[in-house]
Amino acid sequence: MIRRLPHPGIAATTAAMVAVALAVPRVVDEFELLQLTVFAALCILALSLGVVWGYGGILCFGQSAFFGLGAYAYAVTAINLGESTGAVVLAVVVPALFAASLGYFMFYGRLSDVYLGVITLSVTLIFFNLMNSTAGDAYRIGKARLNGFNGMPSLPTLNLPGDPGRVLDPTEMFYLVMALLVIVYLGLHALMASHFGRVVIAIRENETRCELLGYDVRLHKLLIFTLGGGIAGLAGCLFANWGAFVSPTVFSLAMTSQIIIWVIVGGLGTLLGPIIGCLIMQYLTTMFGTQQIANTNLIFGVIFLVFVLLVPRGLVPTLARLGARAFGPPRARDVT
Amino acid sequence: MDLAAILVIEVLSGIAGLALISIGLAVIFGMMRVINLAHGEFLMLGGYAAIVATNHGVNIWIAMLVVAPLVVGVIGMIAERAIIRFLYGRMIDTLLATWGLSLFFIGLVTTIFGTSVAGIRAPLGSVAIGRYSISVYRLVLIVVAAAILAVIFVVLRRTRLGLIARGTMENPDMAAALGVSPPRVYAMTFGIGAALSGLAGGLLAPISGVLPTVGAAYVAKAFITVISGGTAILAGTAAAAGLFGSVNQLLTYFTTPVIGEAGLLAAAILLLRVLPHGITGRWFRGSL
Amino acid sequence: MTGAVLETVDLSKRFGGVEAVRSVNFALAERELRCLIGPNGAGKSTLFKLLTGQLRPTAGRILFQGHDITGDHTHAIARRGIGIKTQVPSLFNALTVREHLWLSARRTNPAGRAREIVDETLERIGLTGRADAVVGQLSHGLRQWVELGTVLAGNPTLILLDEPAAGMTHDEVARTAELVRDINRTHALIVVEHDMQFVKMIARTVTVMHQGAVLLEDSMDRILKDSTVRDVYLGKHGGR
């Protein structure tokens, strides 16, 4: 595109993230450090849907499928290999391959919005059901027992490549996750500013016109969808490492719904938005989770209903606009 | 020979199960194009309604066939009047609202009943077929599912109510010009879709037990069945349930339930690749 | 016709019982400008959609520069060098004029050359001053020109225009005619149009369609004088 200097917003956001990464381990205790680590991992997950939906215009309601696949791929591989490097690679590759196959079926079959949403939602729910029923010794991949709804505990966590004994401590994990967050954030920006990225955005705006210009729309959608799947898988790997545990809840309706909410609250069409949305919602969930007055689901349900009803213009444009005005870029189409 | 009979019954009951959990969603999605993310919760509420009624002395059949659909039907109508009707045409907002409803119902039921599994036992016991025994209740489910589809067919095709409903869905303005109140029709249709789901939930309660979160187990399959079925409510649901139920049950019988589930998903994806508008997007188009 | 840029051979399209396009044999020479006119229901739009790949023919063939493109996907047809402007402007509402032209030019050119083409095209269609305007906020006439420029920036061999003057003021129509004539110096064009004023401003050879078939193909003058054409436009039965 027209060569521009990196948007000031991008530089500022990156600087903020780096500052947080450096400062946090010094000022918070271990518990909070762990909390922030998982928040950062979930931010990476938010980015994956942010780019697929916000930029690609692909209504993926099952992003948790790739998140979960990444988590499980890591778990199974790490247990079998006893070393984490290969596990991390598979945690990205397996969901990406799955996204590629699913994407092929959906985009080359020219399925539209509603159908995409429902199919992707169904995929993650089917994984949920599937993994829940894998309890028992029979269900194992190599040395790794899947354990159904109980989940897989005591996962070997990340070690320095080649040295299985040298496991990362919480501070090092935090640095790693933050570094990955910054890399993914900047990488996606660069991608969206490239020729490929501009075409993806154009497809979101008007698929027909893109085709009329000779671009292969299906291929572009497939590629961005696959990338989103890989990034979500990476987030899943980090998530599994955070708790040294993975269970079918990574595939659940609750999980996939959260990801959607992060993107909507934060702002559909920006990269910073999903990050902010994720942080806000995670903070609220933690806050509500610790109080005993009422069930979390109940509260969130009421909040959604109240919002949807009391905001006549529609929840999405208003929140997105509020989000954009507060955290986002000056122009709707710009990238932050 | 008995094996064949058992297999047939297994497959039919799998199809019946799919049809039951899908028909309510098919009515709401097929007629109103509303994606109801609270569908699983309607099933769940039906299950709880049946169980609570039974535990309070109501005859189990009345609890499942009358109380459950009534309760959930009313809940559905209230939800439509209070929330959904403001959001027609706004897909994402409808999704958020029904998702909010879903969370709300889960939270509400958890608050009232706690998270433990409630249960009632399947009535009627079992019957022997050759060397195998099979729960009579499963046979009942097959019959009931078929009966429900038949009743809906008759109502839609042969009654004035059905005609009004179909007309309003096609062209609300025209219907209004003819003196029909579209809002009323929408409320009724949503209520009936909810009632059907409640009925299914009640009927399936003895088989699966109910948790506040049991909806999630049904939602995926219901959605896949409805989308694969296509625009015709009855023909589509029947065809898709038939196809997927067979694949699922046969694979489950000969291998494992896990492969059965995976087979269902694979079948659905392949089907939608070939027939993007569902089965009745291509065949039996224009049928009910 | 040898050396034809575009040629259709017995092209037909049937919708159920209706034959919207009947055995059309059509040929366009290099850098020729052809207007396609006819009353409502004549089959112009259907023929247009057959050429753009938005509809598949039930019979017959379409040849572009000698290659058979019958039944090809739209984006494949576009890639072969056919630029398409649809009846209702099909644009990227959130993007700027410059970004539209850039996307078009960048597909087949490296970044540097693409930028040059964008500037040249902006000049040619007279939108240099509006280059950074967001297209969704432009008036209808401007949007039509943006679409024209977008198509042009891809340097196609043949440009298909469906009602480029629709919804325009008289001055805008004149300007569009000027643009089309200018574009015709370097590209072949097929223009489907209803607006006879516009057609008169640009036409050389005109193809008149009626009831799915080609009624007459001749210069603008002779078409205007032809009584059969007049009858057809006035609704009298006739034609072939």
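Note that the chains take the letters A, B and C in the order they are written out, and that residue 1 is the start of every chain.
The rule is simple: a contact is a pair of C-beta atoms (placed from the backbone, for glycine too) under 8 Å apart; a residue touches a chain by one contact, two chains touch by 3 or more.
Small disclaimer: the values here were computed from a predicted structure and weren't measured.
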Most central chain, judged by mean C-alpha position against the global CA mean: A
Chain whose mean Cα position lies farthest from chain B: C
Separation of chain A from chain C, taking each centre as the mean of its C-alpha atoms, in whole Å: 44
Centre-to-centre distance between chain C and chain B (centres being mean Cα positions), rounded to whole Å: 50
Distance between chain centroids, defined by C-alpha means - chain A, chain B (Å): 31
Where chain A touches two or more other chains, by residue: none
Chain A-facing residues of chain B, complex: 35, 40, 83, 86-87, 90-93, 95-97, 99-108, 110-111, 216-217, 219-221, 223-224, 227, 256-258, 261-262, 264-265, 268-270, 272-274, 276
Chain A-facing residues of chain C, complex: 52, 73-75, 78-79, 83-84, 86, 90-95, 98-99, 102-104, 106-108, 111, 115, 134, 150-151, 154
In the complex, chain A residues that touch chain B: 102, 105-106, 108-111, 113-115, 117-119, 121-126, 128-130, 133-134, 138-139, 252-253, 257, 264, 294-305, 307-309, 314-316
Chain A residues touching chain C - in the complex, by the definition given at the top: 1-2, 195, 198-199, 201-202, 205-206, 208-217, 332-333
